[in-house]
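Labels run A, B, C and D following the written order; every chain starts at residue 1.
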Amino acid sequence: MLAVPEIRVQHAPFDFATECAGFAAGRTDLGAVVTFCGIVRQDGAGQLQQMEIEHYPGMTERALQAIADEASARWALGACLVIHRYGVLTPGERIMMVATGAAHRADAFAAADFLMDYLKSRAPFWKRETTQHSTGWVAAKASDEAALQRW
Amino acid sequence: MLAVPEIRVQHAPFDFATECAGFAAGRTDLGAVVTFCGIVRQDGAGQLQQMEIEHYPGMTERALQAIADEASARWALGACLVIHRYGVLTPGERIMMVATGAAHRADAFAAADFLMDYLKSRAPFWKRETTQHSTGWVAAKASDEAALQRW
Amino acid sequence: MKLDILYFAWVRERIGVPRETLETDAETVTDLVQELSARDERHALAFSDLRAIRVAVDQDLSDFSAPLAGAREVAFFPPMTGG
Amino acid sequence: MKLDILYFAWVRERIGVPRETLETDAETVTDLVQELSARDERHALAFSDLRAIRVAVDQDLSDFSAPLAGAREVAFFPPMTGG
């Protein structure tokens, strides 16, 4: 039940419900499916107007594929999906999702958590936030880099 | 953004796509949603005919509520859902799901993982598997009890 | 004291009924188990290895030393296997 | 050697263009950065704090000591913030 990771990088919205329904559909060898979905979050003051995501076409797909291959090699995954959007998004919009399917829940959870940690700091995406008063690039967090040490 | 956990215990199937689409829909304060779905897994020999899940009406809802309340107290959750089925299910059918929503991914992941570990060993469900040749109660795994020590 | 006793999964199968009502003076779960085990072979067999049995008092997970004063419902079952 | 040099996010904004092509003999990324920084103020400013810059050689994350022999494309950008 080797996973061939499916990677999609796109501007267009994806339908989270359809992706969840279709992921590993009809498979009876997978007992556990984990999904993660990242959403444009409004800031406390409610001032975020838009988030723009820049990426590096070509390298983005390669990096996501490499991260998903690594997850599939480390854990007993039977299915793996990564979707990531770029371009202008507004608060509440879904930015990206990952899904992992495995016989057992520990593999599905660990692989999804790993995918997110690596995707966050190793896939070439950059976020720029625009509020009513300013625009600026989101700074990488030390905690995101530190999270990689878990694996 | 306090979470009021939603708990459902039912025989009827649930629509995973609809639940995923509806969970935390319209919320702009949650940047991360994690879902877990447990599925009746066919055994390697393909002999599983059905899985029957017995539960303890009344206590089941109380136990799931207590576990979800504990998760909401430990992590900064903005939304929390647990659905668990009982009765006769066949391979490939979805048994249960949890969903967690939080501002940040670490909280959403940890809470979903915690919910599953506790639900597995502390909510009153028992599985009986029937193959072509035999029927028997699924034994609890030492690893499931040990998993609780993580928290 | 009148207690509802509930059984689940293989404990229920061994006892032969899902539920029974008992008038008892048992002070703890252990007392109750001894009283039930003394009744017949089925109860004795079901309770022969308590390490394999979990107990809930009034729908809260409990242990065998728990007092029964004021309790209405006691349930016995194997380790749980949900999820 | 002819290299395509790509810039992203605020590195791109500081340089002023998303891409340029360079004929160079730079042996490592560090050599290339020095050559670019010497060209004008914009490049010098963009590369003034290399701790804030990441580099990819032919679309693989790399480091500043990496050799450029055979490379076709080098990209400079800030730490990534996807997800």
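FYI, a residue touches a chain if its C-beta (ideal position, glycine included) is under 8 Å from a C-beta of that chain, and two chains touch if they have at least 3 such contacts.
None of the values given here were measured: they were computed from a predicted structure.
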Determine the set of chains touching subunit B that also touch subunit C.
-> none
Averaged over CA atoms, how far is the centre of subunit B from the centre of subunit D? Could you give it in whole Å?
-> 48
Could you give the separation in Å between the centres of subunit A and subunit B, each centre being the mean of its C-alpha atoms?
-> 22
Computed distance of Cα centres, subunit D from subunit A, in Å = 26
Note the residues in subunit C that touch 2 or more other chains, in rising order.
-> 83
Multi-partner residues of subunit B (each touching 2 or more other chains) = 38, 105, 116
Kindly provide every pair of chains that touch.
-> A-B, A-D, B-C
Show which residues of subunit A lie in contact with subunit B when the two form their complex.
-> 16-18, 20-21, 26-42, 91-92, 103, 105-106, 108-109, 112-113, 116, 147
Residue ranges of subunit C in contact with subunit B within the complex = 6, 8-10, 56, 59-61, 75, 77-83
What residues of subunit A sit close enough to touch subunit D in their complex?
-> 38, 53-56, 58-59, 62-63, 84, 95-96, 116, 119-128, 137-140, 144-145
